[in-house]
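Presented below is the structure to which this report refers.
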Amino acid sequence: MALHCELVFLALPHKTAMAYVKPLIAKGLKVVDLSADYRLPLDIYEEFYTTHTDVENLEHVVYGLPEMFKEELKTAKLVANPGCFPTSAILALLPFLSQRIPNTPIIIDAKTGVSGAGKKLSEVTHFVNAHENLFAYNPLMHRHAPEIAQKIGVDFEEVHFVPHLVPITRGMLSSIYIQVNDDFDAFTVLNDFYKDKPFVRISKNPVDMKNVAGTNFCDIYVKQSKSSSKKANMLFISSAIDNLMRGASSQAVVNANLMMGLDESQGISKIAYVP
Amino acid sequence: MALHCELVFLALPHKTAMAYVKPLIAKGLKVVDLSADYRLPLDIYEEFYTTHTDVENLEHVVYGLPEMFKEELKTAKLVANPGCFPTSAILALLPFLSQRIPNTPIIIDAKTGVSGAGKKLSEVTHFVNAHENLFAYNPLMHRHAPEIAQKIGVDFEEVHFVPHLVPITRGMLSSIYIQVNDDFDAFTVLNDFYKDKPFVRISKNPVDMKNVAGTNFCDIYVKQSKSSSKKANMLFISSAIDNLMRGASSQAVVNANLMMGLDESQGISKIAYVP
Amino acid sequence: MALHCELVFLALPHKTAMAYVKPLIAKGLKVVDLSADYRLPLDIYEEFYTTHTDVENLEHVVYGLPEMFKEELKTAKLVANPGCFPTSAILALLPFLSQRIPNTPIIIDAKTGVSGAGKKLSEVTHFVNAHENLFAYNPLMHRHAPEIAQKIGVDFEEVHFVPHLVPITRGMLSSIYIQVNDDFDAFTVLNDFYKDKPFVRISKNPVDMKNVAGTNFCDIYVKQSKSSSKKANMLFISSAIDNLMRGASSQAVVNANLMMGLDESQGISKIAYVP
Amino acid sequence: MALHCELVFLALPHKTAMAYVKPLIAKGLKVVDLSADYRLPLDIYEEFYTTHTDVENLEHVVYGLPEMFKEELKTAKLVANPGCFPTSAILALLPFLSQRIPNTPIIIDAKTGVSGAGKKLSEVTHFVNAHENLFAYNPLMHRHAPEIAQKIGVDFEEVHFVPHLVPITRGMLSSIYIQVNDDFDAFTVLNDFYKDKPFVRISKNPVDMKNVAGTNFCDIYVKQSKSSSKKANMLFISSAIDNLMRGASSQAVVNANLMMGLDESQGISKIAYVP
């Protein structure tokens, strides 16, 4: 029996994936690449990573965030699956970009479960060090900031990103602070923006990790500061995803579904692992 | 044998402590009050809590943060022991107030262990709900913002405070973001500010909860954004305390030591509970 | 549109379910009852619980452990879904009953995640009490011992059962110790016994909770003591289940599948929630 | 200033400590050795570990369990500090040895926090593998069984020892099952046995890990099976220690106190780390 393969998922380390993508595309296969190799424009990629050896495909890649590029994904040959931090931050920011005061800081205080640090053994991920503990790492210098900034069309020096490691196996919560105009209702804006999106849920209460565990959902909550004084027009956005699912594997399957002409929800569980 | 008592610790719910403080002070006793009843000026207290019934003592209270009011504490009759959130935020902000750009937002993204939510039984603190979970609560409306703002001399609408519940028994980490001038070295400023303070430790690496567990220490780390562009002068400050110790009981003992003419470190453990 | 219902799942507290089962069966519906009301013979039930008010159906109930009663389940009208402790203990003991030395103690040291204690709020299940903690409860008196003893045909005074609460959300591990003959190979016996059973997996290494989380599997490991001396013929059996799945809901669905003439694996996930 | 040293604590890996002990003793120093090198008689040590190269000192060593050898410790030159598993098991078993039915199995189902597995990095102790997980390891073959058997004067084939790794940082709970006579009150026996011992506490309720965390206490609970039938005379004993304190460091300090003529409680904290 001949097995016919049309699409490949590639989960390789950053900087090594492009060497595999190039020949696969050349053979006419479709590829969903889970590395960072095709997520950024050439100049930014080379500033933060290394020389890119597959510029041709880089020019035709589609960024695999279905809420942004659903139509493009349907005809894509190569898809760059987003990182978990950018997924949770971009989905939270997208609805409010037009209300944001230009040139003000975008603060992203992210919290990730330990699976986000990978399977490699290290002091930091040893149970006795991670349990009952909590800390920031690589503050203000994590390389996910450029990916976020570029996708939302903002100078990356305006994006201030600090990830924290929390004693949770999986899950990611991004707490985002931006300054906005005072003449709109944030909940309505958010709700309308994602009205027809099957994998974004808007919540009237602060979102948590348990309700997205094991699913492809991104849950989002928003809160405006109450005062009418100019200086208090702060918007707090909280978004929750399962870093291993929406932040990696299940989002890759949604992208593949779209690339293959299938329904995007095909084979994607919507039942959270609770409790 | 007659037992002679000179000082009383009061750990009562907010709004109920003042009824007990008044007669104790009248009898000539010294009091360290762990409630919020004497932490704020009259007008702010009454806006956020209730009518104050002991205005006379409120006028003479000393705020029990030894790094700010050590001399005043030595002669105080009544001390308002700070809340855990304000302790961790104020100690982090104090060294940088003169470098801060006026009228820019102060973002405090705080993470607290579950003991910070008290002993009362609730859905939120049930093990199966809190474990492997994480979420914000009372975003932008928690009443610790006024306590922080008032002590550092800032309009409280500039302080944007969001606490998060993390699946840790005790500990508190505050991640603070402020905009600052570009002509100073934050680490040196921080280090100099706390040079002679026995219970603040400056760290060259991001601070964590384990290293302060069981102690009265406040560990502080600071990071400036690297770029020279105006918009990138963001300062990230991370401070860690044990919410039950520096955030409550051991800070109360330090205050009592000072009030009684003892060395402030008397009876205070400095060995963290690691691992 | 008329909705036709043939089978009902009942998840009611012990002692209250029988009042609902009786009329449902009378109407010709099939019932999977998740309470303890139909798990025991009349005399034992009434000794440990209360007066039974539905003796007629109790006489025709089938115990819903598919590995024991698959054929009977296919024609059952009423099924008593086993408790989580008995499920994990009985499946571990069944293969070795004929090798056991009569009248010697059966020791069951069980460890259950906190979800096994139910959703009710209590001091014991408060996060700050359960986390980083571990203890036995109701030692040697838990009422699951009779259910285990009766199903494996042993005097219940020979079954010594001690449950422990562990700081895990879900999962159950039973560590079982029995004295056996010395002339058999335990691994082979175990492996042969469950050769054709889709929801029992035999492991050459000690089993753990993660590999069964979110599934209907019962994983079993066995170890014989190595020495040839008579006194050392101890058998250690370790069995792992997800208490909420194999110990409750998914086992109920397997039972319902059999009762409805469906394949027993219909709709049952076999992919564990790892990590 | 000359620093005068009279006693050395040695915390070295098994098999390597004896090379250091020998010359220290020869110089007239007192030694508390935390390895296994002096815990066992020569023949048993060599069976389970390696050739012993310091037989002379091995013959004069005192086993550092103060409840057993307080008088001998006062004049000891070399003390073998017990392992954490033997400490918790021996203290639980000692009071009941005379009531035990000879030749019946002693079952020790032990649960240890992850710090008991040491600081070395491994798959097993990676947070994402250890958290929300639980399993037995080295069942029935762990080398602590001989240490336990030899100290309580029992054939080591009668001791059946199975350790389990639990997702807790520190702490150790031993669940012990033995068959006993039926004519004594276990609680009274236990209570009387440890009446004057400062570091053993008897509990009327099952003991837990939190109440011993950070202390040198061993908490013990006992439960007799209720029935009067011969086969049901099972005794369940539960003992809790902090594996890093009573199971290692603080017990070493107690031993050193006794060796130096000090009060055994000198410098030993009795306040548990709760919550």
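When the chains are written out, they are named A, B, C and D in that same order, and each has its own residue count from 1.
As a convention for this text, contacts are C-beta pairs under 8 Å (C-beta built on N, C-alpha and C of every residue); 3 or more make two chains touch, one makes a residue touch a chain.
If you're wondering where the values come from, they're calculated on a predicted model, not measured in any experiment.
J.: Per the definition at the top, count C-beta pairs in contact and tell me whether A-C or A-B has more.
T.: The greater number of contacts lies at A-B.
J.: Give the label of the chain whose average Cα location is farthest from that of subunit C.
T.: Measuring from the centre of subunit C, the most distant chain centre belongs to B.
J.: With chain centres defined as C-alpha means, what is the inter-centre distance between subunit A and subunit C in Å?
T.: 41
J.: Suppose each chain is reduced to the average of its Cα coordinates; what separation in Å results between subunit B and subunit C?
T.: 50
J.: Please work out the Cα centroid separation of subunit A and subunit B, and write it as a whole number of Å.
T.: 34
J.: Do you know which subunit D residues sit against two or more other chains?
T.: 115, 128, 131-132, 167, 169-170, 275
J.: Enumerate the contact residues on subunit B facing subunit D in the complex.
T.: Its residues touching subunit D are 115, 131-132, 169-170, 214, 244, 273, 275.
J.: Which subunit B residues qualify as touching subunit A in the complex?
T.: On the subunit B side, the touching residues are 103, 105, 107, 109, 111, 128-129, 132-137, 139-141, 155, 157-158, 160, 162, 164, 166-169, 171, 173, 175, 177, 179, 206-210, 213, 221, 223-227, 229, 231-232, 234, 236, 238, 240, 275.
J.: Once bound in the complex, which stretches of subunit C touch subunit B?
T.: 114-115, 119, 121-123, 125-128, 130-132, 167, 169-170
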